[in-house]
Structures are given as C-alpha cells and as structure tokens.
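For reference, the structures are reproduced in the following blocks.
There are two complexes below, and they share subunit A, which is joined by subunit B in the first and by subunit C in the second.
Let's turn to the complex of A and B:
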C-alpha cells in the first residue's frame, strides 16, 4: 500500500460531494444556460437544438408582464428581507438578555422556521380569510378596523400580506444566527465601553455591531437569494392574483416553462432573475463591508 | 488503494439493491384531482373493486388540486415513472393532441358505446375527430338558490333570466335578508373563466369567430363581463368573490351568506347535507339562466375524461381500469357527487331518488353546455382572459378596455 499525499486524500474524500454538486447543480445550470439560447419546448422533440440566439432574452425584456413581475419581486425582497433582518436582530438582542424563561423562549422562536412553507402559507391564508379569518376578527374587535376586509383579494394589500407571512416564518433564521454571534462578544468589551460612558446605542454601534455584521450579512445574502426565488408561498396563497399583483418572477418562470411549455424562453427568464439577484447581493456585501470597517 | 475499492463496491451495491423492484404485482399509477366531482373516498372505493377483480394489480392513486393537474400531466411526460391513467379537462385535448401526450384510443371505442354516452361528454375527449380517452365526469355549472331566503324576501319563484336574478338580488339586499345575495368563484384561475363562459353563452356571445379570431370583446362577451362588474358595483355580488374558488363559494353559500351561487354538481349534495351545511334543506338547484330574447338557459362544458399517457408501460391494464371507472354500474353507484355519462342512467329511478331536481336541471344544463375554445394555446388564452376579467372586476380597467387588451394578446397566440 503506497502512502498517499494529503492533497490526494483530500480530493478522494471530497470527490463524492463534488460529483453530487456537479450533478445536481452544475449540470442543470449549464443546461439552463444552453436552453436559454434555444427554442426548446417541454414535450416537442428536436426543439432543444434549435438555436435562436438572444431572441428569448429580448422577448423577455420586452414583456411588460415580466417587467411588472420583476417590480413585484423587488418589492417583496426589499420589504420582507429588511423586516426580517430588523426583527431578527432585535429579537436576538432580547434573547441575549438574561431573564427567566429565556431557554423556553429561544426554543419557541425557532418554531416558525420548522414549519413547511406550504403549511405556513395555508395557515396564513386562513388567518387572512375575508369572512372567517382571525386577523379580521382581531382588528375589528380591538376597534382598529370598521369592517372585515379582503386582505388577499385587494391588489393594494395582497403582496404585503404575503410578505408578512414570509417574514413571520423567516425572521427566526436571522435571530438564530445573530444570537450565536452575540454570544461570542466578550463581556469585558461591553463593560469597558460602559465604564467609558458609552450609551446603549453607542455600545451597540461600536461594540456589538462590528461583531455581528459578518454573520448578519450571511443571513442577509441567504434570505435575499431565497426571497428572490419566492414561489411556493405565493402559489398556495394567491396563485399570482388578484389581477397578477402577486405574480413574482419565479411564478413567471414556472408558467412560461411548465404551463406554456416554452423551456427555452423560461430558461432566459430564470437567468435574468439570477443576474438581478447576483447584482443585488454584490451591492449588499459591498455596503456591509464598508459599514463593518467604519463602525 | 484497497480501502477505496471496498467503499466503491459498497456504494455500488447499495445502489443496485435500492433500485431493484421487489414483489411481482403490476402497479398502475393514476392521477386525479382533489376537488369537485367524485371525492377521494369515492375513487378509492371504485379502485378497490377493480383491484379485487384483477388480482395482482395494484393501483397507486395520486390526488392534486385542479390547478396543478395540467402541469403534472405535461411534466410527467418525460419522466421515467410517469402515469398510466390521468384525469384531464375538456380544454386540454387540443394541446395534448398537438404534442402527442395522450394515447389515441379511437379504435378502442365502438359505435354502440358511442351511442350510449351523452354527446356533450364525447366532446370532452375528442379533438379533430380522434378520441384521446373516455369521458368520466360530465359536469356544468348550475344555479343554486336558497329557497328560504327568497321566501323571506317575499319572492315566490326563482328567477328565469339573469336580468331577473339581479332584480331579486336587489330585493333580498333591500329587505336585509342577506348582505351580498350573490357569490361566485372569480379568483384569478380557470374558475372565473367557467363563470364567464356561462354568462357569455347566456348573452349570446362567442370567444372566437370562424377564423379563430377573438370576438369576446364585443357583443355577448362584453355584456357578460359588464354584468359581472355591475353586480359588484351594486353591492349584490360578494366582493370577496374576486378571491374565491369553488370551495369558497360552497362554504359561503352553505353558511347562509348568499342566496344565489353558481357551482358544479357536487355542491348540491354537500349543501343539503346537515354535516356540511347550515342551510341544508333550503338549497334548490336549477339550470344556469338564460337572458330575455337571447337564450333559455346557459351552461359551460366542464366535463373531464380519463386518458392514457403515451409513455405508459401498462396501456392494456390502464384501459381496463378506465373502462371500470367509466362503466355504467360504477358510475351509477357513485352518482351523488357526479352524474353518469350514460344516457340511460338519466331514466333510472334509482339515480334520481333524492336528487330528482338535480336530474331535471341536468337535462337542460347538459344539453346547453357551451365549450371553451379548443385551442392548443388555450392555457395562455385563459391566462390573458383571467387577468382582463380581474382587472375589470377590481375597477382597474373598464370591461371594454380590459377585454380589448386580452383580445390583442389572444390574436397573437398560435
């Protein structure tokens, strides 16, 4: 038996994972890029090698309905992700305090995260129900609302309400990551700041924030990618309605590729979505990096 | 590298074992929908009888919401373990025939069988003179009304036309019997197209002319949408209808929050069942209405058929299963939620028992069934119409502008 070098062993050990990643993510990605330049059709044979150049992309960008679904998606991403980050960090700060019942509360906060998205969507659909929904009952009983309203049936509120359901489910992820980071901050630093006369905000901005900025930016990127892909919660709650006001880009991609069976065109839509979310993430990271350095 | 080889062998071994099929039963896999018409329980019982009569056969049933049915059928086409039997809607055969998704079963259907089944049912599985399955669910939307509410408002007989319905709804609202007398399934889905088609047929409209050009944006098609919009503006239609599916309509009507509703056959038995409804015993059914000087009744063809995907590996057994499900005795045993496709069943007193009124309505309704367009790009046409109708219902656009825009989109589809 010959002695293998460390590098060789590492490659052998990594090989199974690499094969899986290339097979599950790499191959479909390359295929998607390829399809986006063809007239590929879901069930017609011999269409996947009909080269059409940039036609799919030009059509996609010229499609007013697709552009408005980009608008919907950006709104959804900005609203839900910023609320999730804000709420997540605040909750983590609270859960980092010492108080009675803290362990129980920390466990409870993870619950929404453990819920399957489809179950969460069904649950919120019931809560928002226009006739028997709990939200209407609550708001009318405390006097905030004069009469029951149709939260998901009104184009001006539907997307926001779906985003709120998403926030409820996903802010715990941010809280969890932030809480883990908070626990690494040494007590000495905080006490030193306190002795120097720093107020609560200054302690947060100059001691706590630099320590959590890296983990929070990981959460931010994760949530942005996920929010950009949002599909299942919308499919269950509104199916894109009313009047397409909750139609997001993923919904559009799904419809184009699977309902209308234009795989080539669907692939071009999907790639445009990837490019937009990549650009957004790059901006985020740049901003956070700067913030982390100056804080 | 002995160790490496051993690992590789183990990995390959486990792959081989997990891939090997155990047991000798022939397994059929069938796709159904989990809403309206036959219940899951009905279909399970029908299937158990088939399995008992065909030892060694195991049918795996899958139920999906109607809205997912089309995409499931299309996506399973290239799958290694696709379906052997699928339930499909009347609006899909054009597309499925064009792309060769379903087995052409024309030579399996003899002329005696042809004569015994309702003509409207055949149109469900037929495209261009060829048959792509057996009709199984023959259904249309009926007008349901709450007789007790009408009486309370001093109305002696149900409306005869859509115009009269609006008058009665106004009376019901004015007398405070019910806040929103009408409820519909107008969410952005195929459901709103079914209601729109019913009204379009009543108002004498058409979707496409002889040359397949869209004409729904004028005449009866425009009148139908104006009727819908006006009923919301007048406070007669429950505004939540704009997010309702058929099940929401059933819940609203069954909880006594509406006097009139348009829905499929299945609601008749459920709305009169005290376990499912607080207005059981007050619910009456009639054919959807006509309009003065234009039509006597209206109806949308909402039938569905059973077909065999071309890539099925057990086509003969699949056909046997379809024949079992569509047979007259099986359909007559389960005639509470969905009526048989067989003409003779409608004269069978056993079927009529307890639902005489439904059968009377069915005779008129099924004969008046109006088709949605047979078009390979129907899915896209429907999506454009759904959006237009919702825009008009929400007041974003006038019915005229909304439909004109949809017509422009439809004109550009192949």
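Let's turn to the complex of A and C:
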C-alpha cells in the first residue's frame, strides 16, 4: 500500500462529515441567501427566480414592524439575561454555603432547566391565566392586586411576563456554571484573605469575583445568543400577541416566511438575524479565548 | 513581635476530640516547630492560633491579651499556607501589597513596604508577574512576603516546604532560618519532616493524636526523648527500640543484652523494659559486643547503613561512618557506650 500523507488521511476521514454538513447546512444556507434576493413566494413557484436585488433588505430595514420586533427582542434579552445572571450568581453563592439539605436543594434548582421549553411555557400560561391563574389568586389573596387581570392579554405586561417565565427556566444554567466556578476556589485563598484582613464583601470582590467572572461572562454571552433567538416560548404563550407586543425577530421571520409564505422577504429577515447572532457569537468566541489564556 | 500562650486548649470536631489539653508557651522571637505524623493535630493547632478554627475550651493569649474570642483578622497573625494561596489574578506586587491595601494604607506607603519586602526576599525582578508564571520557590517567597508585609505579631507557616523539590527545600530552609534571625520574628512552623524540625527550631513540639508528647530544643529531644514515640520519631534512620526482660536476681534490676553487657534499669517496674540505641551510636567490633547477622547493606557514600537481625531484635539498623566493607550474611558485632542506651518503662516513658 502506498504511504498516504497525514493531510490526505485527515481529508478522507473528514469527508463523510463534511458532505453531511454541506448537505444539511451549507446548501440550505446558500439557498436562503439566494432566496433573499428574489421575490420567492411559497404558493407561486415561478416567483423563485424573480431577481429583485436588494429590495427585500431595504424593505426589511425600513419595515416599522420589524424594527419594533428588534426593540421587543432587545428588551427581552436585556431584561431576561440580566435577571438570570443576577439570580443565578446569588443562588450559586447560596448553594455554595454549607447547610443542611444543600444537596437536595442543588438537585431541585436544576429541575426548571430539565423541563422542555414547551412544557414550561404551557405551565406559565396556566399560572398567568386570567380566570383561574395561580398568580392572580396569589396576588389578590395577599392584597397586592384588587382584581384578576390578563397578564398575557395586556400589551404592556405580556412581554415582561414571558421574560419572567424564561428567567425561571434559564437562571439555573447560570447558577450551575457559577457554582462549578465557585467550587474551584480553594479554601486557602479565602482563609488567606481572611487573615489578610478582608471582610466578607472584600473577600467576594477580591477572591470570589475574579474566579467567577470569566465563566459567568461565558454564561452571559451564551444566554444572550439564546435569548436573541427566542421563539418557542413565545409561540406557545402568546404567538407574538397581543398587538405584536411580544413579537421578536425570530417570530417575525417565522411569520414572514411560513405564515405569509413570503420566502424571499423572510430569507432577508433571517439573514439580518443571522448577522446579529454572528456578532454575538464572535463576542462569545473572544471571551472563550480570553478565558483559555487566563486559565 | 509577641509571645503566645495556650492554656488547657481543647478542640473537638463534633464529638470527636482532635486537640487534647495542650499547654504551651511560645516566647517572643522564638521559632517553634510543631511536628508529628499526619493526623496528629499539628495543623489544627496552628489554625486555632490563626483563628481559622475556634477552640472548644481553654485559653489562648497573644502577649498579654486574651485572644481566643478575637476574630482572625483582629489577631494580627499572618500565615503562609502549604498551597501558598497566592491570588492568581494579582501580580506579585499586588499580592504582597494586598493586606496593606485592605488596611487602607496610603498608596505611596504600600509601594514603599512592598519594595522593602521584595528586596529582602529577592523578589524585585518578579513584581509584575502573576503567580502562574513563577516557580515553586518563587511562589513560596511571595507567600512569605505577603505574610511579612504588614509586620504581623506572629508568623505561622503550615508545611511551607512540602511542595518543593529536595534541593529547593534545603535552600528555602536556609532562607527561612536566615529570615528568622534577621526579623527576630515569633514563628510557628508546622511540618511532618523531623529534619526540618531539627534544623530550624529553637524548640520542637512533638505531637501525637492531639496531645503534646514532648517540648524541647532539638538536641534535648534527640538526646533525652521523653518516651518511645519521641525516641523513634526524632532521628533518621530511626532509633532501634526493642523489649528486654528484667533480671532482678542481683537485687537491682538489670537487662542482659549479651554475656558481657548488663545494663542497670533502676526504677523499672514490672518484668520488661524497652531499650533504645541510635543507629549512629553503634560501632562495629570484631569480637564480642552485641552480635547479629547482616541482612542488607546500604551505601550512602558518607556513611553505610547496615541492617541486621540479632537475638535481642529483628530489623535493626546501624550507621557506620564512611564506606564499610561489611557484606550481607556476615556475622557482625557492635559496641555501644553505656550512656548511649535509652531505657523506657513498659508504658513507654523514659526511666
């Protein structure tokens, strides 16, 4: 047998996977880019080669509904991710303390994360229910609310309520990552700081925080990317309503391409979303790289 | 610097006692080494002094001040950890200056102190490096520097050399010894290595199972061990200890190791005693003496370790100066001066 170079062998071994990736990701991506420059419409097949140049993109950027969906998405991302980070870190600090029942509580905290998003969304829809919802019952019984309200039916509260459901499901991920980082802090470091005269806050700021900042920022970017793409929880809880108040960019793309069947225009929206996601992923990779350097 | 006093100190973890009735007084400027096998409570005792653990009962004094209720930070005691515990995200200079920064010293004063400490520990060139970029010995020096920066009343060192290789350990031992003389600091040093204890200590505290077995200068412990445990712990290779029957036929009790050797065991009760001979106190002789058969020979260059079995003990070791021609299987005799025998009663205490 002739001797193959290492590079040749590598290409042979990679080939099957590359063919699959090109087939299931590469081809659709190229096709999407192609569609975004056409007037393609699902029910009129002859439109798929009607070249329209940049018209779709110009329309998309000029579309007030799309811009408002970007606004909704930014609100959802900022509110849910910052709450998840804050709650996650606090819960991790608590779970890192020694107390009775700690192991049980650590297991319980993971439960929301293990729940499928659709189940979580249905559960919270029930909790928020305007007629028999637990939230209304609780708030009226403790006297914080005079009468039942429709949390998801009110455009001023719907997006916040969806975000709260998302926070409940996703803060455990942040807690888990932070807890893992907290456990790498040696007791010696904390005791050394204690003997050096550091109070509880100074021990957190000078010893604990530097040890968790890198993993927490990775969690932050991961959650930001995920929250930016949010679709399923909105599909189940509100379908973008009421009055488009919970319509995010992913939902907008879905509606444009599959509800209104405007594939060409939907593709251009999708590509804009992809570009924004790519920018966030670049930040994520940069952070990972930095974490690798400091470790 | 200040002295320390422990009175009837006890420590329990739950119901489990780890420190038992420790009475100890450490003078100002003294270097005291706690030594003992692992699990003997030496590190726990150090942590009690530091304030990282609370004592269960008893009293602890720093100088003239009762300190067992004082918080760790208020005791002004510094500690060098076995793992060094340097803050990984801070540079060497920031690590050393950290306790001063917490004490809210002005920046210029901190820089001045850090520079002084850095100079005395030869760390100047490393000030901008992070701990991850330092060798074990350099990290060790930074840890000591951080501990010294704020002029603590007492400096505690918990097995500070155990993570270093043999050559570096020797170097750092000398460095610590020099530092102690230079600073005249009160130091408490924990180790399981009796050589470190012997070479560094003004006084050694030997511990076993949470109790203090003996306190004394290295040479006191070596030449007059209080019991069999101390006798075997101090010295390398360890003392040959064997049990011997008492012969009371002549009135005063004696033990007979050979036809010519009878040792007085005055004050011994019961029917047996323990006798001990240090390997370095056994001189080979051609005729007579304590006879045995050589089972192994180890040539260390400067001296030779001869392992032997004899009628009175199995697995004995003798240390012979220089290179010896002794061979395995040979019949050998040893002479031991009468004053080099250590006799212990049946319960292990020195007679």
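Keep in mind that, in the parts below, the second predicted complex is superposed on the first by the 236 of 295 C-alpha atoms of A that agree within 3 Å, B and C clash if a C-alpha of one lies under 4 Å from a C-alpha of the other, contacts with A are read in each partner's own complex, and residues count from 1 in each chain.
Methods note: contacts are C-beta pairs under 8 Å (C-beta built on N, C-alpha and C of every residue); 3 or more make two chains touch, one makes a residue touch a chain.
Just so you know, these numbers come straight off a predicted model, no measurement behind them.
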Touching partner for A:243 - first (subunit B), second (subunit C), both, neither: first
Which superposed partner A:207 touches (first subunit B, second subunit C, both, neither): second
First (subunit B), second (subunit C), both or neither touched by A:131: first
Touching partner for A:260 - first (subunit B), second (subunit C), both, neither: first
Which of subunit B and subunit C A:42 touches, first, second, both or neither: first
Touching partner for A:12 - first (subunit B), second (subunit C), both, neither: first
Subunit B versus subunit C as contact partner of A:153, first or second or both or neither: first
Most subunit A residues touched (candidates subunit B, subunit C): B
Subunit B versus subunit C as contact partner of A:272, first or second or both or neither: neither
Touching both subunit C and subunit B, counted on subunit A across the two superposed complexes: none
Residues on subunit A engaged by subunit C in the complex (per definition of touch): 186, 188-189, 191-199, 202, 206-207, 210-211, 294
Residues of subunit C defined as touching subunit A within the complex: 50-52, 72-73, 77-79, 81-83, 85, 87-89, 98-99, 102-103, 146, 150
Contacting residues of subunit B [partner subunit A, same complex]: 1-2, 4, 67, 70-71, 74-75, 77-78, 99-101, 187-189, 239-240, 242-243, 251-252, 255, 257, 377, 379-380, 383, 386-387, 390-391, 394, 396
Residues of subunit A touching subunit B in the complex: 1, 12, 41-44, 130-131, 150, 152-155, 238-244, 255, 258-261
